[in-house]
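Labels A, B and C are assigned to the chains in the order they are written; within every chain, residues are numbered from 1.
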Amino acid sequence: MSKQVSTKKRTLLFVAFGWVLLLLGDRVGDLELYQGSFVATYALAITSIILLTGYSGQLSLGQSALMAVGAYAGALTIFNAGLHPIIGLFMAALVAGVFGLILGLIAARLSGPYLAGTTLALAISLPTLANQFPILGAEEGIVFDVGLPPARFGEDFSQYKWFFWISALATLVMVWFIANLLSTKYGRTFRALRDNPIAAELSGINVGRLKVTAFAISSGVAGLSGGLLVMLISGVSPSAFPLSLSFALLGGAVVTGLYNLKGVILGGLVLVAIPEIADSLVSRIGGSEGFITILPGFLVSALLILAVVFTPNGPGHLIKRHHKK
Amino acid sequence: MIRQFALPIWGSKMTEFITAVLTSLSSGAIYALMALAIVLVWRSTRVINFAQAGQAVLTTYIGYTVIQRTGSYWLALVVAVISGAIIGAIIDRFFMRPIFKRVKSGPIVMIAPVVATLGLLGIIQAIIGFIWGLTNQSIEAPVSTGGYKVMGKVIAFSSYNLLVLVAVAIAMLLLTILFQRTNIGLALRASAYSPEIARLSGIKVDAVRTLGWAIAGASGGLAGMLYIPGYFLYPNAMDLLLVFGFVAAVIGGLESLFGAVAGAMILGFAINFSTTYISQKLFFPTAFIVLVLVLLIKPSGLFAAKKSRGA
Amino acid sequence: MIRNKKMKRASLVSAVIATGAMVLSTLPAQAATPGVTASEIKLGISSPLTGSAGLSYGKVPGAMKAYFSYINANGGVYGRKINLISRDDKYLPTLAATQTTNLVLKDKVFALVGALGTATHSKAYKAAALAKNNVPDLFINTGFSGFTDKTKYPTTFMVLPTYAMEAKVIAKAIKDNFPGQATFLVAQDDEFGSDGVAGFKTAGHTFSAAPILYPQGSMTAARAEAALTALGATPGKPVVVLFGTTDVTATILKAAEKLALTTKFTWYAGSVGADANTLLALGVKPATIDGVISASFMPDAKDLTDPYVKQFADINAKYNKGITFDNYVLAAMNSAMLTVQALRAAGKNLTRAGVISAIENKGAKFASAGLVPLGYSPTSRIGYNGYWVSQLNAKGEGKPYGGKLVIYSTDSGAGLVEVSKFVRPTMPKNGIPTNS
């Protein structure tokens, strides 16, 4: 896809979308707002995967670890240092980004399964490390409190709406930023790197530096999404970022299209909605206790496989192929 | 079984060291079981198969049912290995082949199979739940699990541990011979390394790949039946083993079966020594540290062939 | 500009709500209580159904539903049928938060019962704004003492004794019965384990070596063998306290079998990890289980001479077909019975505040299978506050240690461990509460 959207047009689009979300936010209930916050957060996490894997071609199975780093950094900033929540979220992104920079330096030399293995090992180790330092609160974790909505918004401005505003705004801003980044020369260089690293190297692109940059930025984005996630559950703890989260995010990214940012909102929606749908479908069918316990997980996995088998490049590609015919 | 060693009387430091070595050997053997299966799939199809953990457990449940009916572990082992091969072949034929048809290049080649096999893992674990219920079971080991007695002390090594080690060694040898010395092995390697060229030279790449998955599935069946008696049987029983097996395989270089076993041993020693001498809390971080150290020195793993082979 | 629009909208909404409130206030108060209608009371539970935690605790919601079905078949609570909505949180804090929020906002339950896990429930409590919505959080399935803090968890009632209490009782039992022996502790490296470690400290008990703390999932056979080999060098017959889950207890006991160390130690399995049925299913030999000491606050599920156990086992056979009756089912049904009494005690005009004060004022006298007293009061959210020391035999039955049932009662702090003269209330006829 070579349609280049100008920055101005993109900004307008994002603002318009943000406005729509604002209006929508007034019309739906707390539950939808809460779910919407998760959609935004997961969309942001998927963005980090698309940047890292879809654009710079590095497969990481450890995004959950980077989210955890951001989440703890944010929690420590707010709780221990007593700073404003906005600074907390900023620190989440920054610290995770720095961590990602270091990790990226290691990762740049690794390809495919080697990187996957390293990030996998990181993902399973991080929870243990969090348990080691009392300042990180052990299993109960640290509180992550963004506080109540400002009084000037009135009595009916619920906590959930506040969550929604923060997460939606953070996601919009970050995705806008990344989208802009990718539309510049950077984006083209990334795509060149992804599609043919050898040719890219030959044409003078510093592949190593590019990969590290991608890792750092992607980690920063992941860190921010980690901070948002623990905002939604009011606290961070080691068990909040299990390996299965990395896998779920990867699945969401693949299902909605790994190669461009258009699908991220859909990806977030899929991660939130599909388990819900599976749950309600199963309760409608009924059956023995054992059956209804297992079935939702089965449906989600089945859907994932079908999606990967039939549209591994994302539904966008499928539509394009259809049009080409 | 009593063996005589010409060792001085064991002090506690000595005991600690010997125990660390023995437990490292048994851990390493177990990681090797999984690492072998992972390397098999990788060498013959260039895919990291996360469903391995589910396939191996599924075949072990099948083996468990055989034991319930017949009381024979060895029969169950044979059935598990055969059903592992069949299940592996089915998965490749009906899941992986359609994916490969649609995905030709770019990072998605790596990732789509990862996500697909993860989905498969979930499905397999659900199927196990449907058929056998979500309960804990155990399988009795075919040989004694009591530690050998050496100079009056019982050591942390039993006939069962020995069985696993021997089985791993034999499996590694047989499979290496298969890959390096037979035509089938050549076809497997060629189809994975360069499918187009293999096709041009008359190899039925798709069929060969299915064979590779069958062999890996069989190896997974063996792994499960050897691992579970020392642990217990439930749908997620081998999830963690998959992670360590994968890390071990990467340490060893993903290219050679010997590398898989060596990597597993290195990992087993590293984890058991660090937890014995430093802290139990290093159990998971050690895997990460060892992996990073190895890859910093050799980015393609310890026993991988030279870079000229390509990705 | 935007803020003015927001304020205008906000004031409009406020006006609508005020009008609505005035209208609603003319209807009977019942209509305002979520989850309660003339014919139904909706309760919710968020707990692990799948995943490794689901293996032990997956039976809990089904067992509670079975008891509620029994009550519903016998008139319900003042004619209202209890409907328990169960959601799977896989023991993950993020899922617990969303599922609990779903229960409150989507399913609109009256109260939560049996929420499980410390990290999971502490997050879920805040995320679902249970305090703000005054949603009763009854009889939670965790022993973490932090939940007794009324300022943090104003609507929560514990039922399990805290891990700290258990540690203190174990410490006393060791002191009384194994005075000269070395003692060692193996505990899970998280809040569950550290609660126990703190309890031992409060009881004044010092172990012979630093506790072996293992991250969850890291106690493999190899590690267990290494640990036991090291401990095996200690002279005499040391006491080894295992403060972990049942799969870890099984791993350690099997390692002892391998090293021929089963009789070298006196084994003390904390209640969380001492379910004999599970240990046997996981391959531990009956001879090894014989003699393992544990602590419990309930009668053993195999003791059908106990009227409560018999009654619950019968209900299980009729309403929970296919599920083996064990200690998990027993505990779940017991909590369900407490729940029914709480609902009854709140009166026909059922409100959230009503059920909370009902437990505060009358809860200590509720009938239950527990052999130790309940500590509910206007100032205390503690449920059972004691343990009796049990010993397992080769058949997997837990009988009183030393042959005579001695009930100990204590607190989570510096209070002494005292022998309790508690007499368990008689079971209501047929297990159907008639309290008010």
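In this text, contacts are C-beta pairs under 8 Å (C-beta built on N, C-alpha and C of every residue); 3 or more make two chains touch, one makes a residue touch a chain.
Nothing here was measured: the structure is a model prediction, and the numbers come from that model.
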item: Chain contact topology (line, ring, star, complete or other); value: complete
item: Chain pair showing more contacts of the two, A-B and A-C; value: A-B
item: Chain centre separation in whole Å, for subunit C relative to subunit B (CA means); value: 38
item: Centre-to-centre distance between subunit B and subunit A (centres being mean Cα positions), rounded to whole Å; value: 32
item: Approximate Å spacing (C-alpha centroids) for the pair subunit A, subunit C; value: 35
item: Residues within subunit C bordering two or more other chains; value: 50, 54, 58, 189, 215, 218
item: Per-residue overlap in subunit B, given as positions that touch at least 2 other chains; value: 129, 134, 281, 283-284
item: Residue list for subunit A, restricted to those that touch at least two other chains; value: 127-128, 131, 290, 293-294, 297
item: Subunit A residues touching subunit B - in the complex, by the definition given at the top; value: 53-54, 57-59, 61, 106, 109-114, 116-118, 120-122, 124-125, 127-129, 131-132, 194-195, 243, 247, 250-251, 254-255, 258-259, 290-291, 293-295, 297-298, 300-302, 304-305, 308-310, 312-313
item: For the subunit B and subunit C complex, residues of the former touching the latter; value: 12, 15-16, 19-20, 22-24, 26-27, 129, 134-140, 145-147, 154-156, 158, 230-232, 234, 236, 240, 268, 272, 275-276, 280-281, 283-284
item: Subunit B-touching residues of subunit C, taken from the complex the two chains share; value: 50-52, 54-55, 58, 189, 212-215, 217-218, 220-223, 225-226, 229-230, 233, 247, 250-251, 254, 257-261, 278, 281-283
item: Subunit C-facing residues of subunit A, complex; value: 26, 29-31, 34-35, 38, 127-128, 131, 138-141, 152-157, 159, 229, 232-235, 237-240, 242, 244-245, 279, 288-290, 293-294, 296-297
item: Residues of subunit B touching subunit A in the complex; value: 42, 48, 95, 98-99, 102-103, 105-108, 110-112, 114-116, 118-123, 125-127, 129-130, 133-134, 243, 246-247, 249-250, 254, 281, 283-285, 287-288, 291-292, 295-296, 299-301, 311
